[in-house]
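Chain IDs A, B, C and D follow the sequence of writing; residue 1 opens each chain.
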């Protein structure tokens, strides 16, 4: 039996990891820690898990992670960078769902995240956990930096275009919309149903932390200079990201065929047939990213639509996909269920 | 391999049956029929199923159901009563998700459903498919009448009280609230997001078809005369039923213990700990019914709260639970996953 | 010009008072206080008010209320009981939207609200601000206790039945459902869109503070002993209360006519035609309470449905209605607009 | 007293016109027609209007519009083009909320709307009813073509940039999101709560009828060739449009000041302070359009955010604003109320 630990399990990525892992009989969740809920049964906080676990939240200071095969950090930014290295040095594999190891340039990371990095020497050793780009490296990694939710949807959408040098890369636009779970489970007035419900707005237009992560990823796909305008918006729904991407084409291409070819072997990336557009509910609760590409009016602006569940392919599901690769399970194990629709 | 057919697969119970059955490797869905969508790929209508099926909707006039082990009717009321008997006579087991065989008294059925019953001689042979009451009969049945969504939630909530003769049965009240999928996938102005969203109202107060079905079930639990006031309401959400039940106690009882004992061996009925109340999202997408019981202010009115997903325990999930029993699969096969929360 | 002050203006009842008062040219809002937002422009917190006010939130310690004709307390429970008496003694009329003066029995109040009352001698002098019962007393009052949201909907629904001794009063039931603004604008996990959205549950079943307030009101309508089972539920919408009331009839009555007669002169209470049921959106943003009454199956349980906007007739609108009466304006001034539908 | 008629009053723009007009004492609604609802009381279809009107829907074949001062067409496309000319020739002013007279180029109109225009000679005489551009012409017009919902939000957002030749006009992008009332009150599966709720998707990406209308408007603001990529999306909410506009700057400009200057005299266009972004709920139910402009990272892509209520400034409210101008009322009469928030 494979032992798994979850550090920081009382947020939305924590409960989502539990939803995906508890029904499996090939992995065993040894502990779930939460400072705020230490001593409380997990299924008292999340009644959806009643019948699936007898676990009680551990105090983070009391856990023994050394007998785990893999530990997930579902913690706020700044925790994993202090605690993950010791685990890895003890032979415990780590998937960090926070942003601590996502950005390779330390100065950039420290500017956007507003803190000093506690383990800069580990940044280069961490593997960016987007399997559709880095599958082999992930399979051999000890420390994986799980991508952000927006960066996953945006990179998968632009990738075929940039890899093939088909668009102007200095004027890329990602108009992205996310459900409120992207903001976490913290008690904030802005995320109350009475505030975020029946409403729509942009936020972070002047600068969002996912911008440097996305640009880093896009730069690795092309030799041209990359400049992205990234506008996140808040959707009045719980789960789901829809990214609408815009780029200017440099030459005529069969875009539909390009996307289908690029992703034909990727289980978790689905290119819709021509003329169909993806909807967020079609991936709700699943690890899928669904894409469409089109060229309105035959003009030279290409539009890509990309949807994912921000808590699954955008967080916990991709983390489990990475775990599967790191531990030698089949990549889709525990992740191959259709979405609940309606 | 066990072959399964679905007649009437383009509504919400149809797609829900597919969501529950397609990932299984012990059953094979042979056909899904739909008059309106005949010839169209199933995953074109329900993009959530992309990657899980190559099926095309069949014309109902073209299907060959005789090689199926079991057929589901996910049709409007009035279809199964004409077609199910021939199937059963050919040795094909049937689970009817419509109301055709739910009510034993033909006159009552014809009054509430406004049509003449086409196969009255089969009504008595049909088994009412509430496994928590009728498990053994269901396991041996050829024709199962799958209960209505409200009747499932209400009967499971009242059952421990009536079986033990603890309450006045002539003044029972069920204040029930349902998400909009209870009304089906038909195009009606009342169910538009612009009408049913951000709104709440009662409907069918003067008389709802589920009233006689519920009263029939309650009468079977007690020797006392049963009279129920049943008030359904429309919730601005997609899935979920919450029934709040009221009855006057005839004698003091340990209600919490009563409920826990009654359901201790039922996987799909979960009694919440004292002081906790169930919420619809805790069962979203699952076959669970969660119950709480309490006696406010220690007065003599008992309040029971009962939640279920109207499309799962209230329809397709219970149908699969019945199928499992009828075909000798483990009762929880394919139905033992936690709810997605949030 | 009449001067109005608002103490505690950064919550939902505060902004709702401003929405109703700012467009009027017969009253002038002199100040709005808020400890948390002191010094911030009101329209920076509530962008809906841009163009309608230049006010900045005052520090509650700096306000001069003595030149006001009337002051609203839109504060948490426990504030008005300390500050209102001094104002009234200075000749300033007060409408208190909190619970401080609603309950006449001090011991009951202190038990349910968990604090010692700071001005018990004023409780008897306060007039309960339900104009449909107390219109004349309100018009002459210096201090009005504005009713709770649930109590308004429930009392108006039961009133015709109790005043005429038509029902058993020892087994009344109020199954009430409220939108999330009833819980205020505080940052609580339970009220996040990700928690309260797409969900429905009961809460406070064992005992809610509005129970004693409602029972006090009902007792004043009848000579019989009153016992109410009150079950509040949380609706996944922003505004709106729907109360479904149940009582056993003691004798046959023309219920429709009874209700129409009782409310024929009440502008803000609308009895729906027989066979129609009220919906919360029909009163959204307005001071209306809409009622229906029916007797399902002709049995002896009467069902009353009552809807209101919890922030208007359930709070700020009723407060303005009371203000209109106290200051001699027409009772409907500023309150006679139709709801926005859809 | 001024007499007003409404042709086609059972849709969402019809009920919205009634909500705005019925409380006014300077205009009188003489009739509201509806073929489907002829003979039914208006307040039976829209219970929000109970108490505000005694009107019954007229059969469109029975109405006498000749004694009206002004008639609104709130009809599907293709009706006004047949009926409006006769009214105008009889001296009755007309505001057409449909698309019949919005596009000056007949071939373009016929291509996008798929019908032959019935009164092409009137197209040139119709005035495009966007008062922030055409105020004087509207005031003198007999026939006003009320703009589409998206075109209003997009044109007001781009206008300051194009009028001043500040951006590349051949690569404009409008990523627009609309609530479901934009699709009308027709019974369509796609707009059910169970389909459009808890979901987000793009639609009409390959070509939406508002594209030629928007491009026509933008071309009138500049001498440069205009090419727009327009991507509409469906929001899971009832009212509200948010347009996020992108353009490449040709030279450095103080954008905040530019926008504030352009709209400083426009009551219904509000430029947010720098650093604040508009949200749809801040204009819900009102005739406001709120704008923000920013230049992320100081790069050369300018982002404009524009919100409106699609049924008010995007339809009925703008129609009343036009009526006010055409009949000599104050432009803001009946339209100067703050939004309901929350």
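Throughout what follows, a residue touches a chain if its C-beta (ideal position, glycine included) is under 8 Å from a C-beta of that chain, and two chains touch if they have at least 3 such contacts.
Bear in mind that the values here come from a model prediction, so they are computed numbers and not experimental data.
For the pair subunit A and subunit B, chains touching both partners: C, D. Of all chains, the one whose CA centroid is most distant from that of subunit A is C. Centroids of subunit B and subunit D (each the mean of its C-alpha atoms) stand 45 Å apart. Averaged C-alpha coordinates give centres for subunit A and subunit D that are 39 Å from one another. Averaged Cα coordinates give subunit C a centre that lies 36 Å from the centre of subunit D.
In subunit C, the residues touching two or more other chains are 12, 181, 194-195, 198, 236-238, 278-279, 281, 284, 342. Across the interface of their complex, subunit C is touched by residues 171, 173, 175, 177, 194-195, 198-203, 205-207, 211, 227, 229-231, 233, 235-238, 240, 242, 244, 246, 248, 275, 277-281, 284, 292, 294, 296-297, 299, 301, 303, 305, 307, 342 of subunit B. Note for the complex: subunit D touches subunit C at residues 12, 15, 18-19, 22-23, 44, 46-52, 181, 198, 238-239, 267, 270, 272, 276, 278-279, 281-285, 288, 290, 336-342.
Every residue of subunit B that touches subunit D in the complex is listed here, in rising order: 12, 179-181, 185-189, 191-198, 236-238.
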